[in-house]
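Please go over the structures that come below.
Same chain, two partners: chain A is paired with chain B first, then with chain C.
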Partner chain A sequence: MADVGYVQKDTFLHRLDARTKLVLMLAILLVVLVFTNPFYVLAILFLVLGAWALAKLPLNMVADIFKYFTGIAVIIFALQAFFYPGQTNLLRISNAIPAIGFSGYITVEGVMYGLALVLRLVVIMTVAPLLVMTTPMSDLMLALVKLKIPYRFAFILTTAMSLFPSIQNRAELIQQAQLCRGVGDFESGNFFIRLRASASILTPLILGAFRDSQILDVAMSSRAFGAPVQRTYLLESHFRRADYLFLAGCLLSLIVAIILRLAHFGVV
Partner chain B sequence: MNETNPTEKIDEVKPAPVRTWQSRGRIFGIPISLIAIWAALFVAASAVPALPVPGMGGMITVNAIMTAISGVVLGPAAAVANAAGAIIATILFPFGAFFGPFSFVTSTMGGLVAGLTFANRWKLAGLAEIILLASWFVNPASWQPYMYLVPLPYSLIAVLVIFIKPLREWARHQILTQNKLWMWPALFLFASTGHAAEYLTTNSLTNWLYSLTWQYWIPTLPYWIGVDTVIIILATIVGVGVLIGLHRARLPHASDLYIQK
Partner chain C sequence: MDRESMITVENLTHVYPNGVEALCGVSLNVDRGEYLAIVGQNGSGKTTLAKHFNGLLRPTQGTIKVGGKDASKARVSELSRIIGYVFQNPDDMLFCNSVEEEIGFGPRMIGCSKDEIQRRVAETIQILGLESLQDQHPFALSLGDRQRLAVACALSMQPEVFVFDEPTTGQDYFGGQRIMEIIDRLHTSGKTIIIITHDMQMVAEHAQRVVVMSGGKIALDAPPAKAFTQIELLEKLSLRPPQITRFAFQMGWTDRAILNIREMCDVIRPQGSSPIAGNNGRGGNHG
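Let's turn to the complex of A and B:
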């Protein structure tokens, strides 16, 4: 499975506050859900791709996303193209087949709606990596705390993030041990066998990790975790003029999108 | 020289703030360290692809098993642990997250419903389950022919476990007392509850975001029932091993809290 991480660059998007980027991501997601006209969704996609280019991120990653979701994109498009109850016939395929709800025609509205949903999928899939690849993890966690997400939750996120590599190493060790015992075929082509093999790792992995959690608990207690004091942070983040401008832009775009939608623009 | 009465000095000292379970670093009675560890385990499980989704590049990963058992291991705190794990998994492996930034909701709801049910907070669990069912049925896409069948199989079990008190109490009792025989079906019921909530959320999100029609859902329904059954059976096997192991090693988990009550 492909993974992404922070890409260090000195661009406008990298310099924005993490909170601004979180709001930007949410605004894009909300706007893309408002419209069902492919041209409107395409405009939003171009906006996102423009942000990728602005952040000097490798655009071939977007192609990777396309590769990964080609199957579902084809299904989404085909279902709408064949079964959407449109008015304008585009192409006659066969006689009507009422049993499966097919009118015999591919309609313009169906094609448009299918395209819009596929483009929506691409926008949803490309927005999150944009945030992750332009923001260091420490800034992201700080942004969550600044946005009044409870500190405990931010602590859980950072701790889990730092513990993940050691747990993955432990999982590999357990896998080797299970292989030595002849338990499970982790490379099998049959996914049910592979799933059963994965399950044989889970029990010892969970028990071992829970034992480790007691050490972490002692460490947290000894540092007075949860003490009723005002927390301070090593890193600080401040809004700059660009952040305020960006936030205002997001809010304005959201309002315009809702007004357009209420006026029946941007729908098939 | 001013001499003060030592007893007066003692009276002046403010008492220390009352230490609640919150101040000791716990959420719903479960140590935060344990929740963080579970979240890390969830991320590790998300990195192992297991089942391909028909026609899609996306995968159902081993974390489906973890979501199904999270409720009985962590109680309602499973929702927090699963949410944290799923958020990190979305950040690290965004290509596997079919719903983008919304992806964490599915496993969160799975942990929440099963955890609340295991904690005997059936009214909240019932409310969450009803909201999930409503989110499926209020969508016009769900009014198409036969679409009511999609959430039926395991959601029916979940509804029975949540709302029928004798069944819920029996299942909880078997797990809390670690009955060697009846713990298995009891855990199957709780794993079904957690998994049903997760896949119902997944299906609802799919319908709201991508409007898949009945021509996709109904032909693939037998496949999904098979996948769900395999996941729940494996979750039961793993869950029984984990619960027995946690009990024997005297490691903290949700059952400790409810046995004390």
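Let's turn to the complex of A and C:
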């Protein structure tokens, strides 16, 4: 899968304050969870993809996300289609099987709800890069601290996020090394062959991670991590007018969405 | 012996998924038994080129043949019988529970019989002098020993060509020398050697041919004695020939690069005087 780290560019989204983008992300996630109608969710997905284009993020990464997600998506969709207690029958499969809660029919509501669930997950997965790929890790950390999240938690969160790409790179390198040693196919259909192949990756990967974490420990200690003083920051972040406008827009949309939902719009 | 081509690269271009063009139109031929060093700045495309030799990377454009096989299509596990690739960091390769098991892993993967595996492990251990370590856990070894073990893992696959990615990085002087001795011995036994490195001293003392890469292209391809006369070009590419070579160049002896102390002695010693005792020209001239 493609790299998900920060990509330096000069776009509207890159210039926004990290806090604004954090709120934007949460707002989109909430709106998406409010509606159960797949068409509403689809509209929001297009909004998110529009933001991708605006931030000049690589759209072919979306294709990557879809590729990795297809298997799970099919399962989630099928479960809903078969087991959602709907009213409008669409397709008769068999007699009712009460033991597993299957009515014997696939219902329109089930299909709609399944679609909505899958689309929700796609939105959730495509919304995160909007923040992570347009914001340097140091800005994100600062934003979290300014939002009064304790520094330790902010540090854990941002470290975990920045660790992810580095672990990914390392796993790729190790896989190459093992291929050179004749380890056959990492994508083989045979589960046991794959399991054995993955052991050759996981062992060096985990041992390497332990080694890295020891180094990180020393680096943190030598920079007085956790010292009982009020720390200062090299970088400062400031809200600009665009941030306030954007923030207001997000909150307004969120309120409108909730009102719509209370008026029974966007529900299956 | 006739020249027999081991690796033929023609017009190779590689573009990474993020759009970076790491190689643009590289052509290179490596014969059997050559001792080749690929040098260049970080990001010049050295490793990208080498990873095409065994199929870890596939060309975006161009062709590559390895031992007669089309390396743009053949599987890595198949090419690993021809090309042994030793990674810079031995910890990326090692994961078994003992040195012996580690060395036998590759042969087992390519389907050698039990006897054959045992024979290869014993032979490899003997060649690399790992007898005292064979029951140890790989992670308990020192970095130098882990590096030797990584070489052993490549050796037990019995490839024709060895690619070493920065074999001496992170090692002290003697650790580096020890690895280079092993590489020299592999070369003497008829193997083709390709070393990716920044270490000009090592190139001067060991390699028979230098390929200088810059910006995804080959900037220079010549024996060290010739390549190191191009001091201005090399410095422009952030490469610095050994001190003794630069000294000779400053003295104005520019028709042929001087690569080590022995050669320098031959130039400055008055004809017919006795050789300086105890210096064979190797090792004493780093810096």
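FYI, the second predicted complex is superposed on the first by the 183 of 268 C-alpha atoms of A that agree within 3 Å, B and C clash if a C-alpha of one lies under 4 Å from a C-alpha of the other, contacts with A are read in each partner's own complex, and residues count from 1 in each chain.
Keep this in mind: contacts are C-beta pairs under 8 Å (C-beta built on N, C-alpha and C of every residue); 3 or more make two chains touch, one makes a residue touch a chain.
Predicted model, so just to flag it, every value in this text is computed and none were measured.
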Would you sort A:83 into first (chain B), second (chain C), both or neither based on which partner it touches? first
With the two structures laid over each other on chain A, which partner does A:207 touch: chain B (first), chain C (second), both, or neither? both
Of chain B and chain C, the partner touching more residues of chain A is B
Is A:176 touching the first partner chain B, the second partner chain C, both, or neither of them? second
On the A-aligned overlay, A:239 touches which partner chain: chain B = first, chain C = second, or both, or neither? neither
Once the structures are superposed on A, label A:151 by its partner contacts, choosing first (chain B), second (chain C), both or neither. neither
For A:199, decide between first (touching chain B), second (touching chain C), both and neither. both
Quick check on the superposed pair: does A:33 touch chain B, chain C, both, or neither? Answer first, second, both or neither. first
First (chain B), second (chain C), both or neither touched by A:160: first
Chain A positions within both the chain B interface and the chain C interface are 2-3, 199, 203, 207, 211
Within their complex, chain A touches chain B through residues 1-5, 25-26, 29, 33, 64-65, 67-72, 74-76, 79-80, 82-83, 100-101, 113, 117, 120-121, 124-125, 127-129, 132, 137, 140, 152-153, 155-157, 159-161, 163-164, 167-168, 171, 191-192, 194-196, 198-199, 202-203, 205-207, 209-214, 216-217, 220-221, 225-228
Note: in the complex, chain C contacts chain A through residues 17-18, 51, 54, 56, 76-77, 80, 83-85, 87, 89, 91-95, 105-107, 109-110, 139, 153-154, 157
Can you list the residues on chain B that touch chain A in the complex? 17, 22-25, 27, 31-45, 47-53, 55-59, 62, 65-66, 73, 80-81, 84-85, 87-88, 90-102, 144-145, 209-216, 230-231, 234, 237-238, 241-242, 245-246, 249, 251-253
Chain A to chain C touching residues, read off their complex: 2-3, 58, 170, 173-174, 176-185, 199-200, 203-204, 207-208, 211
